[in-house]
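Two complexes follow with chain A in common, the first pairing it with chain B and the second with chain C.
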Partner chain A sequence: MATTTAAVTLTSDLLSDAMSVTASTTCMKAGTTADGLDQLEYAVVEIATGDEYDLICSTPTASKASKLYVKNHSIDETYFVAITQNAQAIGRLYGGDWMFIPADFHDAAGDIAITSNGGTNKIEYALFHEGTALTAT
Partner chain B sequence: MATTCTINISSDAAPGFGGISESMTLTQAGTVVDIDNTTGFQRRKLSATAAVDLITMASELIEPKDSVASKVYIRNIGDGKGNIDKSVGVTIGVKAEPIGKLYGGDWMMMPLTCVDTDDVTATPATDDTVVLEFVMFYEEA
Partner chain C sequence: MATTTATITLSSTDLLSDELALTTTATLTTAGTATGVTQASGLSRKTTSAASAAAIQANVLYRAGDYTANGANKVYIKNTSSVVAEYYTVHVDQEQIGRLYAGDWMLMPWSAVSGTKQVFTVTFASTWVAGETWTFDGITMTCPSATVADLAAEVHTLNYPNWTTTYGGSGAAVVFTARYASDATEVVYATADATIVSANPGTAAISAAAVGSASESDITIRPSVHTAMTYETMLIHE
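Let's turn to the complex of A and B:
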């Protein structure tokens, strides 16, 4: 079994008593307790301002337990990418920001789309999944 | 008043994958100024398959600013009594759009628009008790 683990440490002193949260999870295939995610798509892309693009070019199997990591490596804090799914705005990743989400890819419209703002944004992403629809030549 | 978040991912799914280790300081949009508001750390117990608002944007006591650098952290901690079922999950969504399912023990860190209609929703797959921990960081409108 492949083993993929994702750990997080979140700290904040916004509250009177400082908050510190740590968590770690082993990423399993959907509905299983002993079979880990065993496929990976990992890339770095530069996205120019203008059009909206699908971040994941393959077609992951829908409604599984995929996990998606995205980081905006832009060093200019005014640059950002807007993240949308199925035309629903999710949020923005400014330079230095990252996100880690379960990605449902519920149907053909469920792609994660990305639009660059401010200038060309350098984006790193990793998709841990359990299968994609491959394109026959 | 800094808020920081660090992620470490390791995987042997690909022999050459060296892992990911990154940290970010949550800042206000387009600046290096620290983000300055939070909902505080909360937990929500769910025992039915009906969709619920985890965060109702229009009901926040301090109005969040729209379309900036807000983030939310959510974790499925199981039944809240130490029992974590990796095979059962809760679908997290924004408005009516399902983002993905958090199985027992899974966590997520996601940017948010904080637009009033873009509520964060949670829909358990079963009626077994599940507890979500969450905290949102945002800018005041």
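Let's turn to the complex of A and C:
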């Protein structure tokens, strides 16, 4: 099995005391602690302002333990990409922001979609997953 | 200006032919600016449980109406469990985002798009006597005098669990606004929804009521088991 680790550190001086939150997880397949996620889609795309696009073109196996990482590489702080799922607004990734979420892909409506705003946004994304429902040619 | 950073490291030595070692840091700023975010909910920890599997309910982590819509909000959630079968299913409104399995964490941007809140106006009129009462939302206003403006002012001083109030500083009318957006199918509030205890003909008419619309992006999580599970969460917001 592959071993992939995802770690996060959140730090801030917002509060009276310095905040430092850390967490680390080994990305496992659903329902196991012995078999790690072993498939990956990793890409960088430039998305022009305008239409909404599905970020993931294939359909990873639904209701598994997929993890999706997305980063907006824009350096203009007014640029952002809007993240939606089945027309539900999830959030906005401004220039420099990243996200890491469990991505369920529970059905065809569960695709993660992305819309560029402000200008062309350069997006890096990685999907760690358990398999893909391939479409026959 | 406060500085808040979020760093992620994704690493694997055996997933690809070469080592995967991805690290990036984001300095969290308010929407469309280089100014650092200024507010955080603080890290919290909660254990969920229910009497039985059939009694499992979703937990509301954050209500959109409490935060700035379309801001650069970020939500952190971690499932602290180490048991394989214990996961939280994360939803934004009714959309299922995914499952946080044991030990998993997530950092997600959050639009916090709310609906609209119900509003109504109560207007005090006619004869009231000091000591008489008007009760709404479990809170009782005791009439301080025979002047209806004093009643309205008194109503505005009280704390209602599900409503906030607006009072213009004079006059006999108080505007009630629901604390949370709710679905348009809710009943419009009417005079009869409050209780007057008065031996006199004092009135408290509810008028100009308007229903709201459902919140569009509250964040909820539902545990997979009814036995105790614990999560940690923090919201960094505008």
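Basically, the second predicted complex is superposed on the first by the 137 of 137 C-alpha atoms of A that agree within 3 Å, B and C clash if a C-alpha of one lies under 4 Å from a C-alpha of the other, contacts with A are read in each partner's own complex, and residues count from 1 in each chain.
In the analysis below, contacts are C-beta pairs under 8 Å (C-beta built on N, C-alpha and C of every residue); 3 or more make two chains touch, one makes a residue touch a chain.
Keep in mind it's a predicted model, so treat the numbers as computed, not measured.
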Superposition on chain A - do chain B and chain C clash or fit: clash
Touching partner for A:L55 - first (chain B), second (chain C), both, neither: neither
Touching partner for A:I90 - first (chain B), second (chain C), both, neither: both
First (chain B), second (chain C), both or neither touched by A:I123: neither
Chain B versus chain C as contact partner of A:I114, first or second or both or neither: neither
Contacts of A:T11 with chain B and chain C, given as first, second, both or neither: both
Superposition clash, chain C against chain B - the stretch among 112-120, 130-138 or 184-192 that is involved: 112-120
Common interface positions of chain A, toward chain B and toward chain C: 2-15, 19, 21, 23, 25-26, 28, 30-33, 38, 40, 63, 65-67, 69, 71, 77-78, 80, 83, 85-86, 88-94, 96-104, 106, 110, 126
Chain A partner contacts - residues on chain C that touch it in the complex: 2-16, 20, 22, 24, 26-29, 31-34, 37-40, 42-43, 70-74, 76, 78, 84-85, 89-90, 92-111, 113, 216-217, 234, 236
Of all residues in chain A, those that touch chain B in their complex: 2-15, 19, 21, 23, 25-28, 30-33, 36-40, 42, 63, 65-69, 71, 77-78, 80, 83, 85-86, 88-94, 96-104, 106, 110, 126, 128
Interfacial residue positions of chain B with respect to chain A in the complex: 1-14, 17, 20, 22, 24-27, 29-32, 35-38, 40-41, 67-71, 73, 75, 85-89, 91-92, 94-103, 105-113, 115, 118, 133, 135, 137
Parts of chain A lying in touch with chain C, wherever the complex brings them together: 2-15, 19, 21, 23, 25-26, 28, 30-33, 38, 40, 63, 65-67, 69, 71, 77-78, 80, 82-83, 85-86, 88-94, 96-104, 106, 110, 126
